[in-house]
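Each structure below appears as structure tokens.
Presented sequentially are two complexes of subunit A, the first with subunit B as partner and the second with subunit C.
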Partner chain A sequence: MIGKAFTSYWFPVLLIVPFLAIYGLIFIYPTISMFVLSFTDAPLIGSGNFVGLSNYARLFHDPRLLVALWNTAYFVILSVIPGAAVALLIALAVQRLSGRLQAAVLALFFLPFIVPVSVVYLIWDWILNYQFGIAMHWLDALGIPRVPVFKTVTWFMPAVALITIWWTCGFSLLVFLAGLRAIPAEIYEAAALDNASRWTTFRRITWPLLWPVTALVLTIQLILQLKIFDQVYLFSTGGRPNDTIVMVQYIFQMAFVDDHGGRAAAVAVTLFLIVIVVTLVEFQLLRLAGGGQKK
Partner chain B sequence: MSDIKLSNVSKTFGIVSVIDDLTLTVKSGEFLVLLGPSGSGKTTILRMIAGLETIDKGTLEIGGQRCESLPPGQRQVAMVFQNYALYPHMSVSGNMAFGLENIGLGKAEIAARIAAAAKLLEMTSLLERYPAQLSGGQRQRVAIGRAIVKQPKAFLFDEPLSNLDAALRVRTRVELAQLHQRLQSTVVYVTHDQTEAMTLADRVVVLNSRHVEQIGTPMEIYHRPATRFVASFVGSPAMNFIQVKTKLNGKKIGIVAPSGKWITLPNASLGKGDVELGIRPESISIVDRDADATGQVKIIERLGERTLLHVQLDKGPLIIVQDSGLSKLNINSPVKLKFNVSQISLFGPDGKSSLRSAAS
Partner chain C sequence: MMGSRFQITKLGAWLITSLTVLIALAWVFPLYWGVISSLKPEDEVVRPYIELWPQTLTFDHYYSALTKSLIGLWYINSLATAVGVTVITIFSSMLCGYAISQLNFPGRRYLHILILACFMVPTQTLIINHFVLMANMHLLNTWLGMILPQLIYPVIIIIYKQFFDGVPKEFREAALMDNASEWRIFYRVYMPMNWGITTALAIVVFIWTWNNFLWPFLAATQNETMTVPVGITQVYNAFGVYYARRLAAAVLAALPVVLLYLFFQRQVTQAITLSAGIKG
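Right, the complex of A and B next:
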């Protein structure tokens, strides 16, 4: 007989157990392991001895950490807000279109997002490669000397940021478009009757009403770009990986190239805390910026 | 002067014609109601006046100024939307100030106008609140306040009461009437609710599938409907319609009532053949003899102050007859009915009224 206790207590428990088991196995357990590992001198595979905080002490004396931190921060600055701005501009333009034309244009802008990173790398290497890149032929035609984009520190991060914006802004565009569609048409009609110019309408109606969506896009982008790895790794092969290194790449080098599991874990823990702190600060700042409005 | 003149206005959406050659004048200070079922084009007319829809053909004048190609903000009209369309991120006073800031009014002037409107609408205590913190009725007031502070040439209302509950609707209706008396402003008001039209309007425009059926005072619309559509649309319960034959008796013209009795109608311009007799439930009385029609009570609806009898005529359709609140009739009682001749409407096969003039 199925009792009341089963249906009201054990049955729900039964339903969430698979999720809890998988979540514990592939997130909670590795995270705890990472913290534990960061206090040992373990290699990449196998266990090590407890060494206290010495991994962290060594980390903060490693000049590569500063380079990786700065490059990551620089990349975030170059990609998060500019990327959101580009996506918003495109969303505002796409919203003015209607019907099939809108769907077609939207699809074109979204297309890069479904391309895998290796293909993104190939496409942009064909464009910006020093020897055979299409863009270099344009520079030749204009009489401007060629630029080794991925081999100079000056051009590397801006170029990778630009490519990242091109690659991922389709997603932000979709989120912005959904946000814009959620603003009722009557609000704009009321603004039109209130003699609001197009700029006033954007500044005083669209922007504040879209603010929660903008905050969401910025937060998602911030977390994503703090964890940047693939593009930087691919474009820096054959370039100057030690000068263009970012945080996750630093972890990768430490673990898979130098075979220092414990020290790599210490970097990972540091990045983990940075992501949490920066995101919390950003979230609070965004909330304050939109604080004049009540929902 | 703030009259509104629409001349030979047409509007199509794609290949669908919505308004066809409409000419309409709203007099200065008049409360004009556009009444019609959904899809009759009434909201489109309002939106064309506001500038939210383009006018394909024809001209629009507001207060003597040609407006059909002006943007909405420069037509000096204010609109109250069906769902209020308040700016959710602005306080009540911010909502009212927005339009005034956009025309470059000074801060002191804006504050004074908001204070005056808030006092008029008794919402001074709400000024710092946000729309989400207001009830439906309060939002409605803010929407009206936002219109008033602009001191427009005309107010445009798009079914403003349809989102309120029944009790609040009645109260707001009365307040709107008072407001209009006080401000003496030109109002164009769209509704599908005939009670609102009857109680608020100086004149009613009855619309049906993109053309005007009748323009007149509420009493003209009710008592002298120009078409069968107006007769059936206005009034609750609806007017009764009975097929009758016309008959010439010497020089007098008239109709044959269901009972076979001959009713003289000196004002009728009738041809030979069938017409439809229209008569409202309250214009039929129950009599002992000399009946125009006889029948049997089928359904009794007791509404308290009156009773509605659904009577199956012996020679004719099921009609509704109004009796006193204390009607003693029962289901299946036979009844004899007499029509109030002065309240009879006649409609020819084209649906148009066959009575010569409303005045006589």
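Right, the complex of A and C next:
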């Protein structure tokens, strides 16, 4: 029994040590050192002096901050709700189907999500290529003048947002499908007995019962898209990165291109706080909205 | 299922189904177009009209991509990174999830709160300090340096915790009656139950890591140490303006994960649904 008391004390410790070691080293420590770094004038690699809040003061006078904040917000607006709407429509269409046809159609819609972002970039860069892209042939056929999509600031964000929706829709689609399948069939049968129309059935049954799932999809997408970098960076190479810059890209430029570690950390802290505040606010809002839906 | 007042004719249902299939085909068309363009000769690729099937089918671009770039090396880097991240993440998350779910120890609640807090922290903001840390540890351009900052998957711990929470208490009580040690209970009773979920999670973590861009893009400062998805966007001089060759490299980069998905569709779907916080 002594051996048992010994293991029952040490066993949990043994199990959580790998987790603590990993998260301590690459999560907690970097988070703390990010805050510390933001108060210094250090370059990316090397030490610097304590400069108080001056990095933040400079940051809030940097016009690039506003551009990056706006572009990030613009991207979120263009991608989160439209993306969820597209995924919901596809989920409703896929749910009608059954058997192998359903599996095949689902796989087709889901496939882009499996592909690496750089492949998405290379394929769409080719499709929208100003000289030879297949989309440009279609524009010609429709009599619309060609546009260098990723070199035009007006078209850049809408195009990247559309491509992102195409790419990541499969994820929300799976979540919506799981949500739709969880709605008991008896409720639809009762609605059918009451002669409810399709639209009424959707508005009165599907939509309110699906709301927690919709809220989940919106939350996940909002937080994800606030941290957008990969696509925007890739498509902006050879374009106008200074006008289409987003927050994480701003951190990247400040740290890895301009070699200002301290100032970049100040940008990182700003985004860090924005994401946490938005997350907390959104949880509360969605909870309230969810409560309202049930009435 | 629907009301008789607005009975949908068979024709209407058939139309909606056909429309769904058509849109699904249009949805994958960009992928198809990327693949098909990579199989055309360079002069055919730039023709000003649309050919849905190449007149001359060629694998030359795959040959050039494989021989004129470092893609072989990138494959090894990607594989080492993805396998490393998968093994470490699954192992540490399973142990931690089990401890939080089944064992009583001081600080268990705080540990759970800490893991939930991890969800809120945007890891993209940590790139500077990850880079500095890896540089100080002399791990840039190494597999370990590539792996370490990608080990943050709190969701996997939570999925394991929920899985172990769902196991009936009788299993544990019966094992305790048999005087089994804690280690034996974990190893002999609980571990064998979760092979299904472990397979599914491992496949998805592998795919996510293979596809990851930001950290591999920062951690590899030399062509030789890049992963496939980073390499194909960084090395233009190897490909120049050869569109078809760039697309061939893209197809090669996507191939392993697409094959994994096609072979393990059920597991991928299950794990991704679980990762969204829905019990599959």
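Keep this in mind: the second predicted complex is superposed on the first by the 283 of 295 C-alpha atoms of A that agree within 3 Å, B and C clash if a C-alpha of one lies under 4 Å from a C-alpha of the other, contacts with A are read in each partner's own complex, and residues count from 1 in each chain.
We adopt the following convention: a residue touches a chain if its C-beta (ideal position, glycine included) is under 8 Å from a C-beta of that chain, and two chains touch if they have at least 3 such contacts.
Note that the structure is a prediction, hence the values are computed from the model and not measured.
Counting the residues of subunit A that each partner touches, subunit B and subunit C differ, and the larger count belongs to C.
When the two complexes are overlaid on their common chain A, residue A:Pro208 makes contact with subunit B while staying clear of subunit C. Contacts of A:Gln284 after superposition: neither subunit B nor subunit C is touched. In the superposition on chain A, A:Ser47 makes contact with neither subunit B nor subunit C. Contact with subunit C, but none with subunit B, is seen for A:Gly179 once the two complexes are overlaid on the shared chain.
Judged by the touch definition given at the top, the superposed model places A:Ala265 against subunit C, while subunit B stays out of reach. Contacts of A:Ala107 after superposition: subunit C is touched, whereas subunit B is not reached.
Look at A:Met34: by the touch rule set out above, it reaches subunit C but stays clear of subunit B.
Of the two partner chains placed by superposition, A:Asn242 touches none, neither subunit B nor subunit C.
By the touch criterion stated above, A:Ala255 is placed in contact with subunit C alone, subunit B being left untouched.
Residue overlap on subunit A between its contacts with subunit B in one complex and with subunit C in the other: 189, 191-192, 194-197.
Against subunit B, the residues of subunit A that register as touching in their complex are 184, 186-187, 189-197, 200, 204-205, 208-209, 292-295. Residue ranges of subunit A in contact with subunit C, taken from their complex: 4, 7-9, 11-16, 18-19, 22-23, 25-27, 29-31, 33-34, 37, 44-45, 90, 93-94, 96-97, 101, 103-105, 107-112, 114-119, 121-124, 126-127, 129, 131-132, 134, 137, 166, 171, 174-175, 178-179, 185, 188-189, 191-192, 194-198, 201, 213, 216-217, 220, 223, 226-227, 229-230, 234, 237, 248, 251-252, 255-256, 261, 264-265, 268-269, 271-272, 275-276, 279-280. Subunit C contributes residues 1-6, 8, 13, 16-17, 19-21, 23-25, 27-28, 30-31, 33-34, 37, 45-46, 48-50, 88, 91-93, 95-96, 98-100, 103-105, 108, 111, 114, 118, 120-133, 135, 148-149, 151-152, 157, 181-183, 186, 207, 210-211, 213-214, 218, 228-230, 232-233, 243, 246-247, 249-251, 253-254, 257-258, 261-262, 265, 268-269, 272-273, 276-278, 280 to its touches with subunit A in the complex.
Remark: subunit B residues 50-52, 71-74, 77-79, 81, 83, 85-89, 98-99, 102-103, 130, 132-133, 146, 150 touch subunit A in the complex.
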